[in-house]
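In the two complexes that follow, chain A is the common piece, with chain B as its partner first and chain C second.
For the complex of A and B:
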């Protein structure tokens, strides 16, 4: 296609510019608002460091749980047809659609003493309200679909033929998965993990209902905004975005690098 | 990389959007709007007053946004969010955050008081009363909480009640012993959030305004007037309670001093619809209008409402001067 001839190309360029500007302009504006001094001061604030670290740890844990429990499900969905598959897929997508506070309320309502499951959890010493356990539970809930859908797409790209060959040569189902499927699909799984973690880091609505303390970064940004105003919430936001950016770029690079050399 | 959001989701979203647009678009366009920012504790009476007002004034659509009073005031003063009316659970918030840049006057229109809420399933629900509540809140197995004193006036007022109880019951060290049995995770941004924690059995007792307890049909312990922050005749006693809350920047503090719960309301300067806002206030502050609803819902109103000086009274728009009296 030669630009200049096809008006469709120009239309595409124009709309892309609008979209990119729509995303970047407010973010850049926010990132450049705080002064270096306030950024430095924020970095010295131990509460801020603690909240960003807590965000990273809980979101990472959510991604890990999604990886462990979601991979078999993603594989199942990619490889098999069975009655109720469409329903199962819709259920997995549900967390994307449900308003976030509802997720928090739903989890809290089964965790309380007024629910048999809540009483069982209390007997086991599992506490959801205001705990790291609760945070991870919420973040896993909202992040799961992003991992499962991405991993599923990865498995779908691998020809089943390769697995059949492996099986016909005598490898077990498990051996085939770990020695044939996994090496081919792991990049998708990493990307799925990144998506899941990114979604989890940004979660606010569900988190604030389940746990105000301990504070994850988005909750702290909100708390800073309500208690002190814009000026003191922006630097925290900037640091959270920077940390996430570095982390996700790193993970992207790891998963892309090998692809180029493979 | 493939898009993780599947087609299914997309089509669901489209249907949802189409539905929302179809029910909302048509009627709203022709109406004038009045935007009200208000304290969470005013949600239920204002919803009712809004309904009555809109029925009488079909051309006006009231849009309400609830939150901690300090937060809502900051939305106006710092984010410049458009609003016509600001109603605060602590009338001082209007004096401190909005006057003079974003408002000119402040009308005190209703009162409230602190009560200790619980449900049938709360631990020791069958024994708790006005004389033993502070013993029960010290029991290890009892989970109780209050809202964040830095964000919500109900939060620091809850702590004031505990301080006043120490004085009133003459129990030195009571405040510290109580707070020691309340882990930080039991502190929430807004007091209304605690209601769902009570109802789901995640919490046994929560400090709330009387209005919230009445409107959410919770059981509650009503406290002596000396400590409930509800009777302005005891303001001299309330004054003894002092709670440190966060100041203008992280690491700084300021002190809140106890006084009776008094709601304040104002029309925001540069209100997009000052005329509509005045109409609504004329209805809200009428003895047989909004004030009656407030009375029914556990927020005893001032009849008539109060302003600090004759100057303020004369500056009020519309027929509002006739609805207020000058009283300290």
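For the complex of A and C:
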């Protein structure tokens, strides 16, 4: 049967159209509603710029922390079988499942003086409540699973035999990681970082529990919406979306496999 | 040389059971066995890639049991070559040099010689993804030999090659082994590889070695029913031997001088001879049989012949089958030369 006559193809096209429209229509509507004047005015607003910059910096820091601490864990999960591995994988996925205000409350509960960890953090001068540190902590918490799962998939795609051969040729485990594994997995790691950062930028529920101030962009949009209404919140949202779009497109282009696009 | 002493490895659902194996310096040794017998696991144990639970591994007189792979001086070539896809041919070959004084003149000269010897000079700047199977295998071999290992491990290196490349690479292995005098342990399930390359072989089954010996010994005088079946003796039949008479079911075959505890008779299919006997009358030392199945395999036909409740497998030229007018159900006169019967 020709593809054009296959009812399944038509069904797929119809459902795809509905899904794409469902995602795009509200976003396009929101993006096109603000006037150029209001967009320009918002861009001049120091509070807006500061909140978008803070969103980017804290989300970027969360992605970086996920990369540094999540990479060894992702590699361990991709390469080794051990008792309790499924439980560990479920624990890593927990931040995706639990309501995000709960994440904020959970982090605060260990950051107080009643908890040994809280006392240790205070002794080290680390404050969670209402600080950038708290923001980064909460964004790392919600973004980690996205990085770890993507990096793990990347490591799993590399045949272990390449690493075995590298070891037999004289490279240590570390040398093998940096000369074989990393060059083959870095694209997945970058994509994982993008996903982690994207998730962190969009975080709201956990952020308002831990740090309403300093204000990140989603909190700023929420505040503008509740205080002044839709008209004043939309331009901030448009700028946040545009900045994210440019940033993520750039990172995607860097991580794109040249061979795959050839 | 390689000595494995009571080597035991445990994996989920499979284990190597106290394997003892001794491969002499400069020997080309083949490990044969069906899929899942544990051949690659032995190879990877020697390379230090899998953890062993018990036993010792000696490579070139050095106990390497607890050493990481990079300190063992063992080169490995896999069936799929495992070339680094992000490096070109030259970088693949030079990969290990920096860990083996590759910057010195000796290392560079060795690499250049290998590149020339294996005909890789024109491929050096090519991506390994664009190479043919034979080219990949030569690059993998050059990469493994570039570090001057004391032992070379080959994991079914010919299995995925086209037949025309296979013979070339086999010749290459043979001549390189002759020139370098390297100890080689090769895993294969192809008898042709073993026949043309190996001085000795070991047959592996379900994690333990069934038999070790020269190629001729193992193929002619298998010591277990499994090995007999594995080396192509398709008739492995339970027997009783008493006073020079071999009893296979209801059939009796005179084997003067044989007496003892043999439990199986192994007979190659090509050693069972058939004559058409439409009247059912057989010659003095033959058995009356009937063809129960014929399977055509191109030039050869494989036949199943039943005689007094015992089923024998035999082969003959398809043309002979036609000339003799043998068909399924035909009565035949079945002959076995006692000299062709191997008792286990």
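Methods note: the second predicted complex is superposed on the first by the 254 of 262 C-alpha atoms of A that agree within 3 Å, B and C clash if a C-alpha of one lies under 4 Å from a C-alpha of the other, contacts with A are read in each partner's own complex, and residues count from 1 in each chain.
By our rule, a contact is a pair of C-beta atoms (placed from the backbone, for glycine too) under 8 Å apart; a residue touches a chain by one contact, two chains touch by 3 or more.
All values derive from a computational prediction rather than experimental measurement.
Novice: Will chain C clash with chain B on chain A after the two structures are superposed, or do they fit?
Specialist: fit
Novice: Please work out whether A:109 is in contact with chain B alone, chain C alone, both, or neither, and reply first, second, both or neither.
Specialist: In the superposed model, A:109 contacts chain B only, not chain C.
Novice: For chain A, which side has the bigger count of touched residues, chain B or chain C?
Specialist: Between chain B and chain C, B touches the greater number of residues in chain A.
Novice: Which partner chains sit in contact with A:72 here, chain B, chain C, both or neither? Use first/second/both/neither.
Specialist: Neither chain B nor chain C is touched by A:72.
Novice: If we overlay the two complexes on their shared chain A, which of chain B and chain C does A:195 touch? Say first, second, both or neither.
Specialist: Touch status of A:195: first partner only.
Novice: Contact-wise, after the overlay, does A:26 reach chain B, chain C, both or neither (first, second, both, neither)?
Specialist: Neither: A:26 stays clear of chain B and chain C.
Novice: Figure out whether A:99 sits in contact with chain B (first) or chain C (second), or with both, or with neither.
Specialist: neither
Novice: With both complexes overlaid on chain A, what's the closest CA-to-CA approach of chain B to chain C, in Å?
Specialist: Nearest C-alpha pair, chain B versus chain C: 19 Å apart.
Novice: Would you mind writing out the residues of chain A in touch with chain B in their complex?
Specialist: 45, 47, 89-90, 93, 96-97, 105, 108-109, 111-115, 118, 128-131, 145-146, 149-150, 153, 188, 191-192, 195, 208-209, 211-214, 222-232
Novice: Would you pull the chain B residues touching chain A in the complex into a rising list?
Specialist: Listed in rising order, the residues of chain B that touch chain A are 1-2, 4-6, 8-9, 12-13, 68, 70-71, 74, 78-79, 121, 148, 150-151, 183-189, 193, 196-197, 199-203, 246, 248-250.
Novice: Which residues of chain C touch chain A once you look at their complex with the stated criterion?
Specialist: Touching chain A: residues 12, 44, 47-49, 68-70, 72, 74-76, 78, 80, 82, 84-86, 95-96, 98-100, 143-144, 147, 149 of chain C.
Novice: Quick one: which bits of chain A touch chain C in the complex? Just the residue numbers, please.
Specialist: Against chain C, chain A makes touches at 81, 159, 161-162, 164-173, 175, 179-180, 183-184.
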